[in-house]
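Presented below are the structures under discussion, each in the form of structure tokens.
Each of the two complexes below includes chain A, the first together with chain B, the second together with chain C.
Coming up: the complex of A and B.
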């Protein structure tokens, strides 16, 4: 081939990763037992797609490897091969080898050492491939395309799409394959004529037709085909489609074809470089600030016409901001999906029996936050498996089910997202942690008890690990430290709950988005501070009735609770008078986990969306701020990391 | 002979100079947001067209009795990978200074390392300017 296919390499990798994710999900399902037919056919289809795509890209080593896997799976499907545990292990190893090879974009002719090893293992377990003359004659059509084998493949429900490629088309095989893939995003491609394998193998521009069961419009289909490039002519023949027919077929597809549906969902979207979204977000941020300034200006120069236009512009800016924020939101499953595999591997390596449950996959989070939070979650999961969940024998002796339960959940909580890793293991050994802490001089010699919060602060210190044995997987307790640092950097906080013998729950609380947060603006003296609503529970007026003194210290009596009271003036070290209660001041009730506290401010200016900006920290500056923002009048204001106010108390 | 270009400015009645290469722009002084806990000579954050820039006050650093009262301009500089502002009383001009008009540069330090020598400037080198080390200011003011 004369054209450098590297332009397609990224597309290939992205789509292959989606297939690999489906492969791993299916393998996990298979391993759990139950009906093997569905996962096997998912595996088969995904493997077939990977094979096709890599062959088209000229990654022959990868294609051959996928072909071998496909033939083993075929034997399993036909019942000629038993799905023994050692075969499962070999398949998992093969999936890993495939993933590495795809990530490296193995255009080189040879197979990677991992692939060779995985193949050897597969052959040992399942015998060699019976049809290994790949890439010779097109292999038997399988999976999604298997129904092609009727007299006239184009005869049946759906629309007929006829395509002719441009005479000067480069890489016609790739283009044809891509055209089919693009159409597949709109519905079920029931048949392709000539066959997909033949299309892919084509070195000259080609005409082809496909039958598609879809509700997409003619324009959408035509657009999809043309987006593959080098298309001279497209015709969409809808004579075969009736309303009822297409509806019912789509419904069937939606029930049975999980893989098709998943890829349809993702390919209907446009992939945008995150840097572009960031740039857009920054511009919107500037616009939001400018809007604030303009609103102030128009307020001081009353003019009905100007005022009306300004209100209109202000509303449009708000809408634009909401749109872009929404654009940046992605469901957490995009990161969570790789965890079941990770948990399985860790559990096996440590001889633990673990049932892994994921909840709240659909919860959405800002893309950049989600990217950052993956690593901390991995630490928490590994910690839970390594240190939390006991060995099956130990669990049985304690009267627990042999399999430990590990739950990863995401949930919305007002302006925050909670990500929780919870296990039913042995819990953190408080006496041990305390003994270590005393030995290291981290707590007073006489300390015999710690609450969850203090315990968390102790284990979050680098070097204080309670693991009996230091394992490869969970390291030396640096995990919790890393989780804490990362979460704080993202404007969030970490909470711990642990009960001896019953388990441990660690909750990461994050703002929904990084770039713009809703905050309370508070005045202290002449200074203004932003308090993100993530940690604000409520506000109330300073009142002699709610503020009392206990041992000379002011406390807030809120319903049945007595909360410590902080003065923002003290917190930010304003040189003005020390604690000055009294009328005209207000109290913000802040919370982190179960801990609450009152923060006395001079005045609450109001709630608003603020654009979070980073700044260079000054030497010796208080580590109380997660960033700064620019207010409507153009002056910067610091954003308080409310969670950190609990550190000192 | 090697010639270096300096920006000349006044701080609390003293003539100062810094390498022109480090200077990005000069903006009028504006209100800054205090950074709690930071040293007193770190004035705080200013809004520079949507970017937050930390500003230091040289007058305060030099121990001037009037503090930052006379600060009218901010030199926006780049050093050690950071953009930051230096509050000064007035900005004078740019002058080329020959090597032999520099005295003790990088050999003698003063004002806690911030002054790295003297430059003889002006007509017939009649005036003496304190050469300020902008990179050292960053190192002392910010967390790198």
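Coming up: the complex of A and C.
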């Protein structure tokens, strides 16, 4: 029987990456100071696991590297090695080298240049080469068989038991200890030669002898010794009576024995290509559309039996859709986990002191959405560090703590997920942005004030940057533009809040899934539009009592809030009728970030799952629509980019 | 003949999968898995497997403490330690804590089965 390591390659890579995440997290914790015991033991464990897995895979260079790191960590753990800053740096560099080695073909025989460099650095700071030698690849050289003279200093009562271990014994010291221990169960082991301590420490197979005071039979003693494993030879000397046995034949499960009972256990995970899940999602999308058509058809052909079957089929389609969407959901930590390291590196490169906090790691998002949103978050984090958070000296002068606080959070909000990047830095410099905007002719000469939304639109323009010094980290405002474009393409929206001297918060609102979203269907004139529930808070009937006018503009008074009102007819430029009520008119309360407003529609048709067909209009800063969908009757409808509706208000 | 049951304890899926494959091919029924020492103890009490394979280095109660707990609960528990090179002292400690045998990573299936045979023998 043999195992083919290639079967395990994928598992190895996935799990090693998880271990690397743990390693980076622990390194960051260590660097922050505080109690080192827990992060060190996490590090040690993770490194140990990587070592074990790589050795099993035959990736000896990686295993050896991990072993060296483990040795250093062990010394730190025991207090023999101080955790100086340059050791931390060397450890970070080592973690990077390990990651690269694991990512790119670990089979290569030698160590990568990065590994060699990292090891050198580690040795430089940790003082000389690590103490424990890596046992290395399981080469065929079977280790020197040390024949300890079995002199008999074992004079005294009892029987003498002589043992020689198998040449290929693994951890022979432990085996020897076990042999002595097993014999102890039969009587008193009066003496051991060499000493038990020496035996235990032996790294090579060894011969040894013990004197045992016992009433057990020769067979029992031999059996006990053999049960310790890796025994090549055992001899029990009972007052001149000796009995020899040839090489041990430890029972091995015979090849022919009934060993084929593959007991199926079903709690294992199966890894599925994301492309297949996408294909499944597309098919479900088509099925959802077809279901809509069928439901309409059956409604117009009343037949109880058909109707019942149709309802059943419709429910099954819903269940199937839920199942598939659930399969695609992953917790955000899968992407968030790499940020602490990124923040650390950026902060160091810019000489900033940053405390990074991640909240809501367990919140789940559709896999493809999560993959797409990673990059925008990186932009936001880098902007916060590069432009938001001040230098320690500047912060101290402003009476703030020297370390800036950067918070990345994820939270579920009904049909949406909110991702927020928040810093307590200097805030965006409005006068400077305005000055630039005036110079570029983006705003009127007289403009002296700008609210958060307008400010956001300005900084989201390519080329408008306030960065005094362009670092390779945050570019020139390209980041914000990219965040905006990407988020809208995903059916989401971005909101900015900034207060001079206090900090900046950017909130990304995203649908939970990409392909099928729940939407309100609304009619305006003869057209139907889909409003994704991601941005819908509630709906209410258009009622003269709730609509008032402030400075000539209609507003909605909802509980204690006064919300601006928009008419969908104006929005889509139908301008068919003056702003007014009507028999079926309703108000949809939409929201983005913390802002709300009311959208008046001619009629609400209902709520349904729509299959999003994306198009590129979201690239245009003024686009009102994020995509299109096919309705149950086969007609197309545009999907409103609700977030963009706030930009005119 | 009823397949002997085994509980596999290791914090790495990779290792669990490999041990599980080796033992299943040898006719064992894997009745449970554990990722931490605490889980191992809990599952042992619940499943009473014929054999336990136990990693030494695990979060939330290491393998050695888990062996101690399991042996306290059932002195006849058959626990096979899964160790790595260079863990001599820890393996000795595990044996003292009640483990019946050990195997060394990287695993060779034949060695694992030899050890299993000795433990169950």
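Note that in this section the second predicted complex is superposed on the first by the 425 of 649 C-alpha atoms of A that agree within 3 Å, B and C clash if a C-alpha of one lies under 4 Å from a C-alpha of the other, contacts with A are read in each partner's own complex, and residues count from 1 in each chain.
In the analysis below, contacts are C-beta pairs under 8 Å (C-beta built on N, C-alpha and C of every residue); 3 or more make two chains touch, one makes a residue touch a chain.
Every value quoted in this text rests on a predicted model; they were computed, and no experiment measured them.
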item	value
Touching partner for A:314 - first (chain B), second (chain C), both, neither	neither
Which superposed partner A:200 touches (first chain B, second chain C, both, neither)	second
Which of chain B and chain C A:630 touches, first, second, both or neither	first
Touching partner for A:443 - first (chain B), second (chain C), both, neither	neither
First, second, both or neither for A:638, with chain B first and chain C second	first
Chain C versus chain B, contacts on chain A by residue	C
Touching partner for A:286 - first (chain B), second (chain C), both, neither	first
Those residues of chain A which chain B touches in one complex and chain C touches in the other	none
Chain C contact footprint on chain A (complex, rising order)	1-3, 8, 11-12, 15, 19, 42, 44-45, 48-49, 51-53, 55-56, 58, 67, 132, 134-135, 138, 170-171, 173-174, 177-178, 181, 200-201, 203, 227, 229, 250-253, 257-263, 265, 267-269
Chain B to chain A touching residues, read off their complex	31-39, 42, 44-47, 50-54, 82, 84, 140-143
Touching residues on chain A, where the partner in the complex is chain B	285-286, 289, 527, 571-573, 613-622, 624, 628, 630, 634-638
Touching residues (chain side chain C, partner chain A) in the complex	1, 3, 11-15, 17-18, 21-22, 24-31, 33, 57-59, 83-89, 91-92, 95-96, 101-107, 109-111, 113-115, 117-118, 121
